[in-house]
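Beneath this line is the structure, given in structure tokens, with notes to follow.
All chains are identified by letter, namely A, B, C and D, in their written order; residue positions are counted from 1 within each chain.
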Amino acid sequence: MNLERLVQVDRRIVYLLIALGTLIPILKPIGFAVSTTPPVENFFAKVESLGGDDAVLVSFDYGPTTAPECDPMAEAVLRHCFTRGIKVVVVALFPLGGVTMAGEALEKIVPQYPDLVEGEDYVFLGYKDGAQATMKQMGVAFSGVFPSDQEGTPLDELPLMTQVLNYANIALVVSIATNVIGEWWANLVNAQFGTPVAVGCTAVSAPKYYAFLDSGQMLGLLGGLKGASEYEQLLIDRYPALEPIYSKAGEYNAMKGMDAQTVDHAIIMLFILYGNGVYFLIRRREKREARLEQ
Amino acid sequence: MPETWYDPSRCGAPLVVLLVFCFFVLLFINLARRGRKLFIRRIAGIAAMEEAVGRATELGRKVLYLPGGGTLDDIQTIASLAVLRHVAGLTARYTVDLDVPNKDPLTFAATRDTVHEAYLQAGRPELFHPEMVHYVTYDQFAFSASVTGLMVRDKPAAIFLIGAFHAESLLMAETGQSVGAIQIAGTAEVTQLPFFAVVCDFTLMGEELFAAGAYLSGEPAMVGSIKGQDFTKAGLILYIIVGILLEIFGIHWFRDFMTIQ
Amino acid sequence: MSELLGVWLGAFLTLCIFSFLYKDNPFFRFAESLFAGVSLGYYIGIVSTNTLVPNMIRPLTADFSGNAHLLIPLLLGLNLYTRYIPRIAWMARLSLAVYIAYYVGIFMVQKLQGEVVPQVGKTILHPIGGNFTPVDNLIMMVGVLSVLIYFYFSIEHKRAVGVVSRVGIWFLMLGFGAAFGYTVMGRISLLIGRMNYLFIDVVQITSQYL
Amino acid sequence: MFWKLRLPLMLTFIVGLVPIVTFFLTERVWGVAFVRDRVEQYMVIITGFALLLGVVNVVQGNIRKIERRKPGWPFAVSLLLGLFVMGAFGILSAARVGPFQSILTAPDGSDTPFYWMTRHLFNPLQAAMFSLLAFYVASAAFRAFRVRNVEATILLTAAFIVMLGRTPLGEYVFSWLPNGETFLPWVTEWIMAVPNAAAQRGIIIGAALGAAALSLRVILGIERSYLGIREK
């Protein structure tokens, strides 16, 4: 048997398997069990401890390039808040498309809660440049940075914003972030104003964020798709009524994404094992031949 | 208005390190210029460059040189220009075709001058033609698309990926591998080194990239500067070791001096 | 309607790019060349809107004498084009020299202050201790020092130095392998994003118009 | 000789020292505020001018390709078409002419032509190209991760552990141990935070010194490849 041929798999076979391994789980979820970890559990518990009198600030600090990881986090947090009747203030600080992401998420989630009234239960203030300066100013007054909401309604005409004036009226800041903006929420807003901060970030930037978690500047962290899928799992366990939304076909969420991740990782690892298995056989044959020649 | 005319947070450790560093580098440049022989060990990736160009000559295919995705204000790009000068000298001597696509327009201006000069110096100005060095686009992924397309169509025998690379590193290196080219990479981007190390035949890592141009030139002053840099490094290694020993005895001076407030 | 057209256009171009995985073909070549052109045009728009107009043209037209200092970059910028006039082509070098020299100077101090000093400081630890195991700090020091010695150019990798630099290589390999494995997840997320676009977004937007 | 060699090198030396010296000073010293506020802005403007150098080269090269009917010349047409349409939209947006009010959305929230092209041509192409990495990372791993020698084995093992530890698979593998679910994720975090960080730190310190040495060579005029200047 020609072992060398066995190890030279056409790379297009690898590509095809990866493509299928990504597509099939998205269209037809497998539903690997998701175990949850403390950073996510703490995040969830904090939101769970809030109610109708509290307001959460959700900041969209990511853009389209990291949407597959970050969208599910934003959606799960919004659903969680709306299910509990928590008031939500939405802003976007990421210059490259943060405002689009926020708009799309609200467009998707709000219709699922027909009782919500814009301006009373939630507001969308839009995008503001200069993340750190903006964060500081919001500590003084939201109206200083956002004179009106995304549609141009002045803040004093929005019932919710007459009660939520600055961070003092915010029970929790949630930042869904792709790079440094999430860090600033921790080391600037949490440090200077004492407002609790929880962050969802991409897998690539997660290691950096653990330092803030350790130092207590963040009370919770969702790291990449894995973190997002954990949050979704906690949400479904606590509110089984949300389950149909998450198992519906034709809708993307982190659990489906995580299925795809798991399948793709498994494909890559199996290929590595296969390659090394054949390589081992080749080596053994070469050694045997070398012995015979002696 | 600040209280002092100097910035106290910067005039501690950073200034001391800068002065020590400049002292060693200038000292060894001087020694080298006075004729002192300075030993620098062989660096595998650098030694392989001539071999790669030689192979392209045998196969009659081109050499592709990518000066990275960084701009000219990135020091890695300047290091890449120094290597390019050498590679262009080789392609001129071996009369093999060279292709240098660019992402940054200022780098493009500099690479064209560098290649032209290398051909003049090699005594083969007639082999230089301006289309060798051309501009593609400023976008990272559009640039990668064009370059990967170039690779599969021209099938270069040797590919140099030297400079600042970001996510596009693997797109290019993997495509280059698939067309069977010898690939020599060099970057100081810590996040991209793993991909080059896994896919390319030789990789100049971090420091080796910056030393490559000086090493290749063989000029005494250049070699002297590497020596000076090495001595600073030795000093830092010593500093770390002493610092750790002091830490064991609960003395934090060394650590605190190098901690920026 | 423009949204529908746009989404299908985007989907078509995505498939053109993906076709490269099978092999090079005219569809990929079309997408690739279009991409090169459009992206360059995109940066023309970005540079003129975000840089040239607000930082130079608008200040100069609004208050010329107050912003006359902006003539310095204007001249340095125009000077780049002397390269097209052979007799004074050398002048273009001056702009490059100024540009490079400024950044090189910045780099020199930034690298020493922002990277060397803090990274050295963080390595000076009590050997016993760490967030994960009690020997984390020790491993950290051995790793940093051996990698530094691996890069040491003045001595051959022989005897003791050879052994230490070998340990340095092991650390490098461990780091590279881990970083590679760690990145896989992020890259697959990108593909998930594209699959969503092709098979979920396109379908949903199309169904809105049907 | 003076104009072509000495002058650029003198300029390099003087300009290069400016950021180094001002780095240690505060705004109390004359000129420091100017350097900090203005020079960076100047450099950005110079890069803005440079883009046209590239554009000119691309246009020339592709027109030549079309004129000489070189193989693949029709693709040069699509390239130029993309460049001229998008570039024109961009310049019109900068000048705020007619429907080209911005490079993003118009005041009423609808797409300007430039933004429409960005969203439906530029962004999908970028994202598609970027996502090819998912395939390449897989094929590179399959081909390169072999137990060839000690170094390659370490590389492979680290990659394998981390890949396993990042998915639910990693939790199943050791689930028979007490607290086994968290074992591999823990190992993953440890590798990233300790040995990987040590390697990175070593590379960073060394590379920073190398970069500083190169900077010094440039400022002293020893390294001059970037200027395309012949040695004496």
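Everything that follows uses one rule, which is that contacts are C-beta pairs under 8 Å (C-beta built on N, C-alpha and C of every residue); 3 or more make two chains touch, one makes a residue touch a chain.
Because the structure is a prediction, the values reported are computed rather than measured.
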item: Whole-Å gap separating chain B and chain D, where each centre is the average of the chain's CA atoms; value: 15
item: Averaged-CA centre spacing for the pair chain D and chain C, given as whole angstrom; value: 2
item: Inter-chain centre distance, chain A versus chain B - centres from mean C-alpha coordinates, in Å; value: 37
item: Residue numbers of chain A (touch at least two other chains); value: 11, 15, 18-19, 22, 65, 203, 207, 226, 261, 264-265, 268
item: For chain C, residues contacting two or more additional chains; value: 17, 20-21, 29, 31-33, 35-40, 42-43, 80, 93, 96, 99-100, 103-104, 107-109, 111-113, 116, 120, 123, 131, 141, 144-145, 148, 151, 172, 175-177, 179-180, 182-185, 188, 190-191, 193
item: Chain D: positions in contact with at least two other chains; value: 20, 23, 43, 46-47, 50-55, 58, 72, 122-123, 125-127, 129-130, 132-135, 137-139, 141, 143, 145, 155-156, 160, 163, 166, 189, 192-193, 200, 203-207, 209, 211-212, 214-216, 218, 226-229
item: Chain contact topology (line, ring, star, complete or other); value: other
item: Chain-chain contacts as defined at top; value: A-C, A-D, B-C, B-D, C-D
item: Touching residues (chain side chain C, partner chain D) in the complex; value: 2, 5-7, 9-11, 13-14, 17-18, 20-21, 29-53, 55-56, 69-70, 72-74, 76-78, 80-81, 90, 93-109, 111-113, 115-116, 119-120, 122-123, 130-133, 136, 139-148, 150-151, 168-185, 187-188, 190-191, 193-194, 197
item: Residues on chain D engaged by chain C in the complex (per definition of touch); value: 3-4, 7-9, 11-20, 23, 38-39, 41-55, 58, 72, 75-76, 78-91, 93-95, 102-103, 111, 114, 116-135, 137-138, 141, 150-152, 154-163, 166, 186, 188-209, 211-212, 214-216, 218-219, 226-229
item: Parts of chain B lying in touch with chain C, wherever the complex brings them together; value: 10, 13-14, 17-18, 21, 38-41, 43, 72-75, 78, 106, 109-110, 113, 136-139, 141-143, 145-146, 148-149, 152-153, 191, 193-195, 197-198, 205-208, 211, 226-227, 230-231, 233-234, 236-237, 239-241, 243-244, 247-248, 254-255, 257-260
item: In the complex, chain C residues that touch chain B; value: 17, 20, 23-24, 28-29, 31-33, 35-40, 42-43, 80, 83, 92-93, 96, 99-100, 103-104, 107-109, 111-113, 116-118, 120-121, 123-127, 141, 144-145, 148-149, 151-157, 172, 175-177, 179-180, 183
item: Residues on chain D engaged by chain A in the complex (per definition of touch); value: 123, 126-127, 130, 134-135, 137-139, 141-143, 145-147, 156, 160, 163-164, 166-169, 171, 181-182, 185, 189, 192-193
